[in-house]
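We call the chains A, B, C, D and E, going by the order they appear; numbering starts again at 1 in every chain.
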């Protein structure tokens, strides 16, 4: 039976390779993606509209800011779902293993982590703050920041990491990120524009309309970064201990 | 390169320009090739050595030095002038080397410890001799 | 000239990655695989710098290489930690069973 | 020209690593091998010029995904070694 | 006082990463360095009894130590290369585990010693339990080299000058 299933796989694979011949050449200016009016509009106008050199950040945080906001909400909901499910299952069947092992932390690993965690954190802030000029942004910075807390949890134990970043504070920070994002959108709505129309912020900030968009994008990225940091860490803390928040990996 | 030129004029311009300082570039080429030679040692060791612990010696050492040499070589090759910007780039690349200097021995030690504590890994010379004969 | 150097270096690195992938494919124990994974992770940082040189934008690609240099050892630590925990859990369970048998 | 050569190598290694990740029985090993898959994907994105995607792949692949997978496996029972 | 040193070190790091010197980016750097100092200033410099001058001297001695260890790393690689490539080296290989006690007291010095041992020819630190180091070595020659204690002495000179004089 296992060998029989190889036949449809091979047929479909051959068909896919055959169909791949019709693809446009890689990077060709005649491909449909390059010829659509949208991309040429973005390439021509992002620099003028927002003064952000990195087009991807401009598109993500400004032109389709509504979409990105709900992506952040999806991340938030995913974290909350994991928390809710695991909390319930932890109560129902209390424990399969009766023992909690407290392994002593390794000397070399803890010293390396001592040296590296501040550097990782400053790197995550750098990634977040320079999303406009180089690749990066809120999501990447948040992930690196969450990884630094996970590293602390891995080298000592989960309690040490939770003492630095308690789980109830995690939830608050995650919510705060979304509120920051939506708050900037609402603020620009109250100032007379549309929802998430950052240019209106020039009324209260001492900068031009283009630079207002630039700075608002930074605020939005900070919101995304806060949410992602908190959710990544709480995801690890809950998954490794089945929601009980002690012992674990 | 042709297609890249068509799509990204900025990138293509930078590629065409591609400056550099000749004597520094020669040193950079030499360092890069030296790094490749040491990495060849690692690669051959990974295939040829008989058991996990000896392979660990090959991987843990050759990896650090070859990466260091190659990155240093590229830092010299890409240096265009002695302005502040290019110096910062060199410092940044050397920062990677510094981080690797700290992290590589740590991960080697962590894997070694894990293998040592796992019961399934033999350590005696007799086992090694057996494997050599095979 | 820089282009040619980068292409030759990158191709050589990819060629020497083949032994590592062979080790991943054959590797008698899981640890051999992890070792090869570690080596490939370090070399990825170098390859990113090489690709950056080919594009002429090393300043941009160096960020990735820093991210790899800082985060690559996480997987090794996780594996070590996991095995440490499972082995000590197994030992404790065996001790507990022995106690029950005695009783 | 160089980028096409890199493309070929990356795709080749990618297929091999994906096959290994399917073939391996041990969950721990499979998740670690998946790490290599994400390294190679990051190289592929970077080489195609999709820089932001490559950065996301780099941070998530190196920092989070392996850790979360192994944390989950820790709460299952380890079945077989290879 | 130590938080200020941490802040300065982190800000140097930021400048190397960022490479932009306008007011906006420097201000962002100051803000993020303050946040990181607040979050994790207790991680760096575990032992806080030493004064600033002693720290500076230690740092200078450590910088002098780096070229020596780099040369040792090169020798290590030549050794592994020889083992991997020649038939004679392959036969000579007799792996074993060596145990010895160290004279070093502080954790950081032990950490530097362990990593230096891992980087030098044919030796990898396996376990540290208190003062005892368990080390995996490749051959008899390397074991003699390790037990002569040259690296340990060098590290002790850097971090604990008092210990060397006592022994």
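FYI, a contact is a pair of C-beta atoms (placed from the backbone, for glycine too) under 8 Å apart; a residue touches a chain by one contact, two chains touch by 3 or more.
Small disclaimer: the values here were computed from a predicted structure and weren't measured.
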Practice item. Starting at chain D, find the fewest moves between touching chains needed to arrive at chain E. Key: 2
Exercise for review: Specify the chain most distant from chain A by Cα centroid.
Suggested key: E
Study note, to complete from the structure: Per mean C-alpha coordinates, the chain lying farthest from chain D is E
Revision key, fill the gap. By C-alpha centres, the chain nearest the middle of everything shown is C
Study note, to complete from the structure: Ranking chain pairs by contacts puts first B-C
Check your understanding: What is the distance in Å between the mean C-alpha positions of chain A and chain C?
Key -> 23
**Study point:** Whole-Å separation of chain centres (CA-atom averages), chain B against chain E
**Key:** 19
Study note, to complete from the structure: dist(centroid_CA(chain C), centroid_CA(chain D)) in Å evaluates to 10
Study note, to complete from the structure: Note: chain B residues in touch with at least two other chains are 4, 7, 11, 42, 44, 56, 85, 89, 92, 95, 99, 102-103, 105-106, 108-110, 113, 120
**Study point:** chain C: positions in contact with at least two other chains
**Key:** 3, 29, 34, 36, 54-55, 59-60, 63-64, 66-67, 70-74, 77-80, 82, 84-85
Review point. Which residues of chain E are in contact with two or more other chains?
Key: 17, 19, 114-115, 125
Review point. Once bound in the complex, which stretches of chain A touch chain D?
Key: 26-27, 54, 56-57, 127, 135-137, 139-140, 143-144, 146-147, 150, 154, 232, 235-236, 239-240, 242, 248-249
Check your understanding: Once bound in the complex, which stretches of chain A touch chain E?
Key -> 106-108, 111-115, 117-119, 121-123, 125-126, 129-130, 133, 164
Practice item. Report the residues of chain B in contact with chain E in the complex, numbered from low to high. Key: 37-38, 41-42, 44-45, 48-49, 51, 53-54, 56-58, 60-62, 64-66, 85, 88-89, 91-92, 95, 102, 105-106, 108-109, 112-113, 116, 123, 125, 128
Check your understanding: Inside the complex, what are the residues of chain D that reach chain A?
Key -> 48-49, 51-52, 54-56, 59-60, 63-64, 67-68, 70-72, 74-75
Practice item. In the complex, go through chain A and note every residue touching chain C. Key: 97-99, 101, 103, 106, 109, 112, 116, 119-120, 123, 127, 134-136, 144, 147, 150-151, 154-155, 249
